[in-house]
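Next up: some structures, all given as structure tokens.
Next come two complexes, and both contain chain A; in the first it sits with chain B, in the second with chain C.
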Partner chain A sequence: MHGVKRVQYSQAALEAKKQRDHDKLKAYLALSDDVIARKKSHDMSNEAFELTTRLLRMNPEFYTVWNYRRDMFIESLFPQRSPSEVNELLSDDLSLTFELLKQHPKVYGIWNHRRWCLEHIPDGPSPDDVNGYRNSTWNKELFVVEKMLDADARNFHAWNYRRYILATMPFPPPPKSELAYTTRKIEANFSNFSAWHQRSKVLTTLWETGELDRVKSIEEEFELVRNAMYTDPDDQSVWIYHAWLIGNGNYAARLQFEITSIQELLDEQPDSKWCMESLVRYKRLLIEKHAENLGDKKALVDSCLELLAKLRDIDPPRRRRYDEIAEGIRSGNEMQ
Partner chain B sequence: MSGSELPKLARVAHAGHCNRCLSALPSSHIQIDASRLAIGFYCFGTLDLLGSIYEKTKEIEREGWREWLWHQQTNRPYGTDPEEYSEYDTPHLIMTYTAILSLAILRDDFEQLDRNGIVRFLQACQREDGSFTSFPNGGESDLRQVYCAFAISSMLDDWSGVDVDRAVSFIQQCSSHEGGYGQQPTGEALGGTTYCALASLYLAPSVSDLHAPNPHVTTDERRRTIRWLLQNQASSGGFSGRTNKDADACYCFWCGASLHILGVGDLVDRTAFLSYLASCQFKFGGIGKAPEDRPDPYHTYLSLAALALFPLEDADPSWKLPRLNALWNTTEDTADWIRQHVPLYTVKAQSPVRK
Partner chain C sequence: MTSSSQLLIPLHVRYIQSLGENKDDLTYHLTAHLRMNAVYWGLTALCIMDHKDALSKDETIEYVMSCWVDEAGAFGPHPDHDPHLLPTLSAIQILVIHDALDRIDVPRVTKFILSLQQPSGVFAGDQFGEIDTRFLYSAVNALSLLDQLHQLDVEKTVSYIKQCKNFDGGFGAVIGAESHAAQVWVCTAALAILDRLDVIDQDTLAWWLAERQLPNGGLNGRPQKLEDVCYSFWVLSSLSVLRKVSWIDADKLTSFILSAQDTENGGIADRPGDLPDVFHTIFGVAGLSLLGYPGLVDIDPVYCMPANLIESKGLRKGWEALPRKAS
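For the complex of A and B:
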């Protein structure tokens, strides 16, 4: 339903369209009835299999038919076939689903069927090389998902699938190469929040395994995000990533440094909502977490209130929110 | 712009749109054929919100719809062996949820409800990690199915089909650093799944009060979720579903209802909100995702549900809608009907509802 455009038609064209619609529906319903009847009678023939292919091309969201197709694989197509033949069948279905995904990139049933295919690849091609089929097919998956993300860099199905591939494939590429992938995506478009998000996940892994030194890495990330901020201060993605880097704000020196840096940007871009919002956020963190070390708490409080007053003006949808925050600061309550 | 300057809600036209969709859909909609029960729910829900169920439909039609809905109830034993399903349609978690709501809207007495079967079905759908698949042994699993399982259990007032602790643990893992909840752990926050997460956590049996702090939501999660949700309201008044995406009418519900559940509905700019949804009305009836877009029952229903949660005092009376139960996503009147007829034991009847 999302993404159906309106089109205008002339009278004659409208009649023709009506007829086409009618014929298409008739064909679909007849095919659907046929396939369902066969499923009911447990028809596991090749003919039935071909019919499910036709039906799924018309309606890839028909999850019942994907189930039926998988049943046929397990019950009739796989048994009595060599691993090489099974692998071939699964490759065909991977091709089919790739073709369908290009037209229907957000249909759960298609992505789901792909996973099922991958998980059923047989051992082979030989006893010395039991993972050959798997390696070759799984390695291609990254290529497939990259194509999908080239077409729509925000497709969350594709990003979730990408994470699934990296977590499950027999010989995944090193996390650093995934980090490089996110760098490419971010540099192509700073607004691509999905890429920033993936980056946060990959970095967390690299820090946990010790592959990257956390302190040094965070320094570099702050540089990267500062660059993005200055290039496009209106981009929400950048600020959310920055907030992730700040984390719980336990490191006072970093908070102070970033506040100064953002203030400099605000001086150049006096109407930047995100600068103001972030300054309030980080100053509140200072007040909340580092009160005992603060020289002039009152100055910080006043500064927040001043920023919130400006935010009310330039960001009207969130007026009530800013009022509520100001109230909280005035009464000295914990951040809501 | 004040509420009184807004265009009217075209109630008759929207009811007409959904009524037409209940009769038939064109071939361009082939792909929602497998989700008929969901489409049915959006249509019935729209009519319910507009108070038009009895005005715009005949009893014989309603009887037909109820019969159609009951025809979708499967009655095979629910186990782990897929061969046991010889009905053409395996039971589906999301469709089960929409079916119960639809039957309640149509004021069915639920005598035919296979409560034990549904509980066994829920058990068969829950995975090790606490999430639920759409059907036993297959289908994707994410927060949508968790929500449906929780909503169904809550409506049945029977939680024996759900391992609540494991499910809650899964939900919490879906919490994103942005605020909000992703579809799966590691996913970016989405408006729809944020609603599913919060509604589930507030439906959970240990939580009795929408206004008290929820034991399953940390202060930090609550704070950043509120922040993320509020930032999703665009200057047009509509909500987007994700960071850096465009506004879409359906997210007015998913994000708006989330804020309502968290008790901060007052922070939403209601005039802008209403103004956006007003502009999404299609001139021949129905509401689309954005101004000038084609309408559909999904966006029509969710827009009205969102409007029911955020009434505007000085708006034209055409905008007046009944109170909505944000956790089940239905009118309070329908919610009352559910409470009286869906559980096996209700407060009114001391013995089971079934004879």
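For the complex of A and C:
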């Protein structure tokens, strides 16, 4: 149970609530017993099918009933119908699950059933157009999942479903349009780490397929991130993404440039934890990976230790981590 | 008013005992699909509070066996509900706690579990094919408790987890999914059981986990999300496996968990002032155990079961929680 407030009821309110719940409970148990009995006796009638609809509206988490419904599709409903009728039947279940998702956006069983429906969309409408039904269904799905992400931009069920839809579409949109989608989501809210995550996946694909020039694209990403950092330097989403970018373009000049730029931000926001955390991270990278290009290594080491001491003060819950990093730097430095 | 600076053990024990008495409550029936998990959560919470006998052993075992689905060779969550990997793991855990594994047909359950592994290495929850790293962990945990891990294709299993690894060091539910503390726990614990912690980028993951702590002491499951008591276990258990529990503030988290107790009727909620449930009660109590809260029994963060039991089966891995405080 998440986010349901504990309420103190008056005696009268408690009695009224009990009565209401009692009536609901009686109706629920009667329906549930009926459906389970029909399932056990392998009832594949239309009436049984309608009863599962009613029960699932009351309790969409009852996965055994979704299973029963799927058995009815496979064993009884599909074999009696033409592809066009099967397509319509599944489209009705997609409407039902969309309606349920609007009320219960995080119920696994509803998302799961939606996917099952997609996997059973028949070929057609004609031999010349075997992907016709699928194409129009998948296009609708992309629309549905965007609605779900408009309502809650962090819903991981919806993001997972979105990736699934894009990966299985008969005629997928160009991957660059997904990059544009993440840009829109990020610009609407820089704190949307789900969108940054998706962006990292899309970019990786675009670099691997050569659709985007890796070096040029990383440059552009640094610009996007810089805007976000200046907008809210306390937002960890942006800094985690920045660390990923550095990992992909880890060369001395870039590190030096980012260090200078973050230092400027820190000068404006002298208590910014994430500026300090990132400076330590990137200065350590310079020391570890680019030692040959370093003029004054000692200055970098001293600056890391100074930043870590300050982090310890402004972020006491994580002080042990800062201490361990400082110990690591000191012992690494002594060894050389 | 609703918070306390102490863990109210007798109240929570009574709360767990009372869960089976709510049969005129609609919520009790709407959650029947989670009943087997709930029995495991309640029993484990009782074990950690050192009140294992507060629920009748015989009745518990009879309930578990009433959920056996013979055609499948597996357990459902409730009589007449379909078999699934999640209740099957909970049933095995309950039977191990009560030293009653002899009640089940181990070869058949093993066969059911192994039949759910997909070519990619991940496991489905049942024959309808939903996949998730939670199911992968359930399979690995169950096979390990049944002493049947030698039948698992470890390389294939680990390869799926590897592909779920993200740039932040965490893991998601499927390949491509965003890191989430609960999925981090299932992947980390599965890798611990399979002795493959080398797959994890440990410094990055421990950093990401430490950053789950919010100024109020509670932990969230992903960046820029709200705190919730259940992450106390998922983040802490992962940190225990990485031996980095000291990277967060134990006192502040302890106070946060205690503040989410229902001081009138018992139980722990997701956050202060909300309705308690058995799910947040076990994960709150388990979190406190890992933090060294005085008077509690050690929990094994890999199996989420009493640590001495796991140790006696020779299954203990190299995790490290905070030392138990004297008072």
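Just so it is clear, the second predicted complex is superposed on the first by the 324 of 336 C-alpha atoms of A that agree within 3 Å, B and C clash if a C-alpha of one lies under 4 Å from a C-alpha of the other, contacts with A are read in each partner's own complex, and residues count from 1 in each chain.
Convention: contacts are C-beta pairs under 8 Å (C-beta built on N, C-alpha and C of every residue); 3 or more make two chains touch, one makes a residue touch a chain.
Values in this document were obtained by computation on a predicted structure and should not be read as measured data.
**Q** Clash or fit: chain B against chain C, after overlaying the two structures on chain A?
**A** clash
**Q** Using the superposition on chain A described above, determine whether A:H42 touches chain B (first), chain C (second), both, or neither.
**A** In the superposed model, A:H42 contacts chain B only, not chain C.
**Q** So, A:S95: does it touch chain B (first), chain C (second), both, or neither?
**A** Once the two structures are laid over each other on A, A:S95 reaches no partner at all.
**Q** Pick one for A:T231: touches chain B only (first), chain C only (second), both, or neither.
**A** Once the two structures are laid over each other on A, A:T231 reaches no partner at all.
**Q** After lining up the shared chain so the two structures overlap, which partner does A:R163 touch, if you call chain B first and chain C second: first, second, both or neither?
**A** So A:R163 meets both chain B and chain C here.
**Q** Where does A:S177 make contact in the superposed view: on chain B (first), on chain C (second), on both, or on neither?
**A** Once the two structures are laid over each other on A, A:S177 reaches no partner at all.
**Q** Once the structures are superposed on A, label A:S84 by its partner contacts, choosing first (chain B), second (chain C), both or neither.
**A** After superposing on A, A:S84 lies clear of both chain B and chain C.
**Q** Just which bits of chain A does chain B share with chain C as contact spots?
**A** 1-2, 4-6, 21-22, 24-25, 28, 32, 36, 39-40, 59, 61-64, 67, 70, 108, 112, 116, 154, 156, 159-160, 163, 191-194, 197, 200-201, 235-237, 240, 243-244, 316-318, 320-321
**Q** Help me check something: in the complex, which residues belonging to chain A touch chain B?
**A** The touching residues are 1-2, 4-6, 20-22, 24-25, 28, 32, 36-37, 39-40, 42, 58-64, 67, 70-71, 104, 107-109, 111-112, 116, 154, 156, 159-160, 163, 191-194, 197, 200-201, 235-237, 240, 243-244, 248, 316-321, 324, 335-336.
**Q** Which bits of chain A are touching chain C when the two form their complex?
**A** Against chain C, chain A makes touches at 1-6, 21-22, 24-25, 28-29, 32, 36, 39-40, 59, 61-64, 67, 70, 108, 112, 115-116, 154, 156, 159-160, 163, 191-194, 197-198, 200-201, 235-237, 240, 243-244, 247, 316-318, 320-321.
**Q** Please output the residues of chain C touching chain A within their complex, sorted ascending.
**A** Interface residues on the chain C side: 2, 24-26, 29-33, 76, 80-82, 84, 126, 128-130, 166-168, 172-174, 176-180, 206-208, 210-211, 213, 217, 222-225, 228, 244, 246-249, 252, 262, 269-271, 273-277, 279-280.
**Q** Which residues, counting only chain B, touch chain A once they are in their complex?
**A** 26-28, 30-35, 82, 86-90, 92, 134-135, 138-140, 176-178, 182-184, 186-188, 190, 220, 223, 226, 230-231, 233-235, 237, 242-245, 248, 266-269, 272, 289, 292-294, 296, 298-299
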